[in-house]
Each structure stands twice: as C-alpha cells, then as structure tokens.
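Pasting a structure below so you can have a look.
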Amino acid sequence: MTELISELQRERVYRLAASGTRSDGRTPEEVRPLTIEKNYIKNAEGSARVKLGNTDVLVGVKVELGVPYPDTPDSGVLSTGAELIPMASPYFESGPPRPDAIEIARVVDRGIREAHTIDFKKLCITPKEKVWICFVDMHVLDYDGNLFDAASYGAMSALTCTKVPASKIGKEDYPLPIQHYPVSVTAAKIRDVIVIDPNRQEEQIADARLTIATDENGDIRAMQKGLRGSFSYEEISRVIGLALKASEVIRTKIKA
Amino acid sequence: MEDVEHIEKKMKLIDENGLRLDGRKPEDMRPIRMEVGVLKRADGSAYIEWGGNKVLAAVYGPREAHPRHLQDPTKALVQCRYNMAPFSVTERKRPGPDRRSVEISKVISEAFDSVVFSEQFPRASVDIFIEILQADAGTRCAGLTAASIALADAGIPMRDLVASCAVGKIDGVVCLDLRKEEDNYGDADMPVAMIPRTGEVLLLQMDGHLTLDEFDKAFGMVKDAIGGIYEMQKDALRKRYAVTAEEFSDLPEQAPPERRAPPEREAPPEMPPEDGEVPQ
Amino acid sequence: MDSGPARREIVIPGELLGGRNVKPGRGTFAEREEVFSSLLGIRTERYGRVGVIRLSGRYMPYPDDLVIGIITDRGPSHWLVNIKAPYPAALHPAETPWRIDFGDTGRYLEIGDTIIANVLTVDEIKHIELTMQDMDSRRLTGGQLVDISPSKVARLIGARGSMIAMLMDFTRCRLLVGQNGRAWIDGEPKDMAVVSRAVEMIEERAHMMGLTESVRAFLETEYGMRAGPRPR
C-alpha cells in the first residue's frame, strides 16, 4: 500500500521546486529545523530523540557483553536496526522489517562504520572471547520524509552520549570512544530539480534519491543512491557540495 | 508483570515507617503526566509519563480494514498493537512481538472494543498503537490510559473513557501502582482497567497471591486510583481542546442537524464556482 | 471585541449531557433515560435536542456534502475516489455530466485526477456514492490542494463565508473548500503561498481568540491595506 498523490499536487510540488521555493517555504538547499534531545531513555546506555521538521525518530543504544566476530577478534561489534512502526504512518505495517527499513538501517550503519566513528578496539575485553556489542535501535515515531538523515542524526547523537557499562564487569563506566562525526545529507531529484532533506510530499514524487555521508575533514564516507531515476556525474558532484555545506551546522548539533 | 524472572525476595520493599523504596505510602501513586495530540501523522495521539514509564499511543481510523477478508460487515474491528522498543528495558528486547506483547495487545483490544461504538463503522478498523519507549512496571496500564485519550483525540465515538492502574502486594502489604523492583520482588500484581462512570471492569489480570480480604482491599484502592486517573485524562483532553472550543465561539449556534439542508443549486451558470460551501 | 463571545463547553465521551428533559442528537447516546456524549466536542442544544459537534477526527460523509476527491482506481464503469473518509467513494458514469461508453472511463477521469463533487448517498454499510451532476462539479486542473482538519472546515469558511471572502479579496486567488477537509487554491504562486499559510494559521491552535482578526492582520502585512476586505 503506497500513498496516493494527486497529479495536481505532483505538478505543483515540482513547479515550486523548479522556481526555487518549496511547499514549506524552504530553499532547495535548506534543511528543516533539527532538534536533538539526548539521554531520553534511562534504560538505554545512550539515546536521543530527533525531530527533523515533523519527522520524529527515537534512537536507543544498548551496550551488552558478547562474543567478537572471528575475523575481528579484538574489536567490539556494532549492530544497527530500524523499525518503521505502524504508529508513524498509515502506510507502515507491523511485522518483520521490510526492505525499506533494512535499507535505512544499513545506510546508517555504513555511514557510522566506514567513518571509523567508534574506536572498536577500546570495546574489547578479552580478545576472541568477550567484547562490548552496541545495539543501535532506530524507532520511527512520526514520518514526514527523509528517514535516512533523521535516523542517522539520531544514531550519531545517541552514540555520542553512550556510556559503556563497564561497572557490570567490575570496572568503571566510560564514554563510548567516538573518533569521528560523519553526517549524512539526503537529496531528492524531482524531474530535473534537486532538493535537500526532502519532506514526505517531495519524497513521494521524487524520481531519485542520493544520500551522502561526509566527515569533519570534508571527505566522503558513505553514499547510497535510491529509487528508479538517475543522477549525472555533475548532479552527484553538486549534491556532494550541498551535503558538505549542510553538514557543518548539523555536526555541531550532534556534538553538543 | 514485566516478564522478569521471579527471584526469591531478598530486598526489603517497605521500611519500618511503612514507606516504600521511593518514599511512597501504600496508597500513593507515582507522578503522572499526560499530553494529547503529540504526533502529526496519526489521527489521534497521546503521550504519558507514569513514574519511570514513557509511553506513546497513536490511533488511526476508522479506516478500511486490511486485509479485506478480515472486514466485518456489521462493525469496525478495534485492534491494538502493544509493542516495547528494544531499548525500553534494561536487557535489550529483540524487536517484534513476543508472546507477552501479543497477549497484552489482545486484552487491551478487547477492553476498547467494549467502549467504541464500532457498529457505526462497518468494514472498517480502528487501529490503536501503543509503544513503550521506557518501561518501569505498569506499562499496560499506562498504555491503556494513553490510548483511551488518543481515541478521543481521533474523534472515535465511545461510551466512555477507559482508565487503568495496577495494585499489588509487597512485603505482605497491599500497595498501589508497583514500580519495577516492587513488581519483581513483590507478592502480587493486579492491573485493572475500568469505565469509571459505571464501574465496569474491562481488563483484569492478576498474578501472585492475594487473600480474599486483600483482594477486596486492593480492588477498593485501585478503583479510587482509577477515578483520579480519569480526572487527569479529562483535564488533558480539555487542555488540548480549550482553544479550539473558543474558536467555535464566534460562529453562529450550529447544532449538528440530523441532515444538512441541500446546498443552493440555482446559482447562475456563469457564477464562479469558488465560493466553497457556507454553513447555515 | 465588543461583547466577547461566550465560551462553549467542551464535552468528553461518556459525559452526561442531560436527563429526561432532552432528546439525544448527533454525537450522543441514551442510556437509562439519560443522554451522554459519545464524542470529544462542543455541546449544543436546540429545540430540546442535545448534540455534540466533533472537534477532531476523520471526515464522515453526509449526503449533499461538497467534497474534493482524488481518483484512486478506475473500472470499466466506475471510479473509486479518495475523499478522506474511512471508505473510498464510488462514482458511476450516470452521475457525471458526460456520456461515457462502457470501458471508456479513462478518457474522462484518470487515476490521480482531482474532482469536485457532491456526496449522493451513504448507505447503512457505509457505501458512499458521489455525484458530479451539480453544476459546480468538475475535474480540477492547476492550482494546489491544502489539507485541513474536517472539524476546522467551518472555520476556514467562516460565518456566512466571511473567511473565504476575505482570503479571496486579499489574494485574488480562487478558493474552493470541501467539507471533507480539502481545499483547492488557484492563483499566482506567491498568492497561493499566502493562502496556504493562512490555512495553516487556521489549522494551528495557537491563534484562537479573534482568529479572523489575526488572519486579517497577516494578510495586511502581506498585501497592505490596498485590497481591504469587504465591509461587514
């Protein structure tokens, strides 16, 4: 079941975007207001509730003892999951995660992992035997477009306030060792127009989507192109430029 | 009740002054705060903080029931999904429904089915979603209480609001509204949901051990508590809609007619059609 | 504000509205000779009948309602239309202004098209039929749609159409308001943006006292006094 959009509305959103304004009054390069509330859930080792416009995502991090992967015996483990719960949209259904949710979780995971965000070596207790596992669970509460970025900002914000519960094994709790701050920015392409941080309506009529995660040095750490449409090399370069520009303010908010 | 193994009690739950771990007296409830209309997308929503519980409830509908073979041609399905976020509990919970949440979803659905005027919406469903964001015992009561005002917020016709609270026994004393440690190490827990106006009990569960006298005492206690929660629910709804009511106050007296007068159809052909409709 | 409007009483599901002296109207139910509200809304009383005007919830169709719908499906001899009700509404060729051969529905209305129509009937199992026989009924092209809560539609229209008239006077936009909580605006892009912001203002709960005045103030900051509203 997908949401219906009238032709009239489709035409209108496109014409607006083409003229340099958007239905919510933003410019094509503008990200919606972002608020981050950290340490929202006391039963989690780290958590953040993120509102990107009307999109509302709650992320909790649980840090638990576990066994390392055989190929990385001295590294902690990151496990990322996203749930598009039916509370958030009339078009989300209960049941096991569908491809949409899995894609979001994997794109967020890549952004964090490939940027070496977490110093996994510091999560090793006994090589080959015992390490800390970080479960990052992204819970979408209200959907109004661009879950990729909202979930990613939520995950990063929650990780930055996560405490490793080392007191469970007779040591002192310590903050999760964060080394980098990747920030993802998603663009939607509507016919020939590109907008950043698409809202729900823009996302519905988008032909193509591109998510770019960049780090504090201005380097690219993860990318994901989605939907049926295509991007040219020039368009990709432009999106990278826009992503870099937008990411600085967002990074400051995530670090705060 | 939160599926924690029942560990032999070692902890002293009531001190020599008769006070509980958090300083409450047996008949005291934890602080409760509720807010209506907290989500944009849902037709109705509410948030409740109840002691250490943080719970969101959302309502969608009435909407066409899916899949179609589930549709009832005589009434709407009232279905609730109670779900715990993986990070809501101390030990991470695997995402998705387990047997406990399926059972809770069922008994809550049944409680609401008895108050919603479901026969007004044949073939439809009224879907209630309860998400436990942070759990500290009594989550089903908090969820039910929030869902009830979310239903009203969604404009669903109902016989009444449903309010809920748990009562239990710790260290041999009947106490209201157990928190997690009390639930884990206590002697009994009994969540109850009622229609406060009529005294009808719509949800009742109990585990542990109560004498008949203790049950009577517990029931009286929880009934009073539910009356108080009912007042809080009404306040939360009034607070949310106070301004809206004022907004209607400069409109002419507009009793909902049993059938609206037919719109004027004798407009001249050239009259531009943009004059919306004017209520009488 | 000369006399200050009287506050209306908010009622809650299960609230007692009256005893044997009143008759139950819409949004109420009777139990043991007493009348209770079944809705969250505002109490009304007229000719001994109490009723409740809903303050929230989905659109519930009634015959003759003017609605703005979107075609969601099409068969050889009917269309299904989303009118934001719990159920899709059906439209049959006989209820359109056109002569349509069997199987030829797509030539007239396609999926995704927007129409203005009236509710013809709602039967006891809530099958909804629409009609486009009314002279205002047609396919809408251009412009934009704006959503508003069905319970706020009366507010957007205003007493005797005053709010619509004011919006049209200032913005020179065409504006059609469906009872189902959908409005259609057509005009210059910047004027349509002003109308949709005004609709948002009406939807928001912040500016309640003197809503008409605050919408007028907003329009005056956008347009100045030049387009001044009609004297009342």
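For clarity, chains are labelled A, B and C in written order, and residue numbers in each chain start from 1.
Keep in mind that, in the parts below, a residue touches a chain if its C-beta (ideal position, glycine included) is under 8 Å from a C-beta of that chain, and two chains touch if they have at least 3 such contacts.
This one's a predicted model, so the numbers in the text were calculated from it and none came from an experiment.
Under the stated contact rule, the graph of chain-to-chain touches is complete, every pair of chains being in contact.
Taking the mean of all protein C-alpha atoms as the reference point, the chain centroid lying nearest to it belongs to B.
Remark: chain B and chain C have CA centroids separated by 30 Å (rounded to whole angstrom).
Centroids built from CA atoms put chain C at 38 Å from chain A. Between the Cα centres of chain A and chain B there is a gap of 31 Å. Counting partner chains per residue, chain B shows two or more touched chains at residues 63.
Those residues of chain B that touch chain A in the complex are listed here as 39-42, 52, 54, 56, 58, 60, 63, 66, 81, 83, 85-92, 95-97, 127, 129, 131, 133-135. If you check the complex, the residues on chain C that touch chain B are 5-10, 12-14, 25-27, 29, 36, 38-40, 42, 44-46, 49, 51-58, 62-66, 86-88, 116, 118, 124-126, 134-136, 138, 151, 154-157, 159-161, 164, 168, 174-179, 183, 205-206, 208-209, 211-212. On chain A, the positions that touch chain C within their shared complex are 4-12, 15-16, 19, 21, 23, 25. Those residues of chain B that touch chain C in the shared complex are 43-44, 61-64, 73, 115, 117, 121-124, 152-161, 195, 197, 234, 237-238, 241-260, 262-263, 265, 267, 269, 272-279. Per the touch definition, chain A reaches chain B in the complex via residues 1, 40-44, 47, 54, 56, 58, 60-62, 64, 81, 83, 85-90, 94, 96-97, 135, 137, 139, 141-144.
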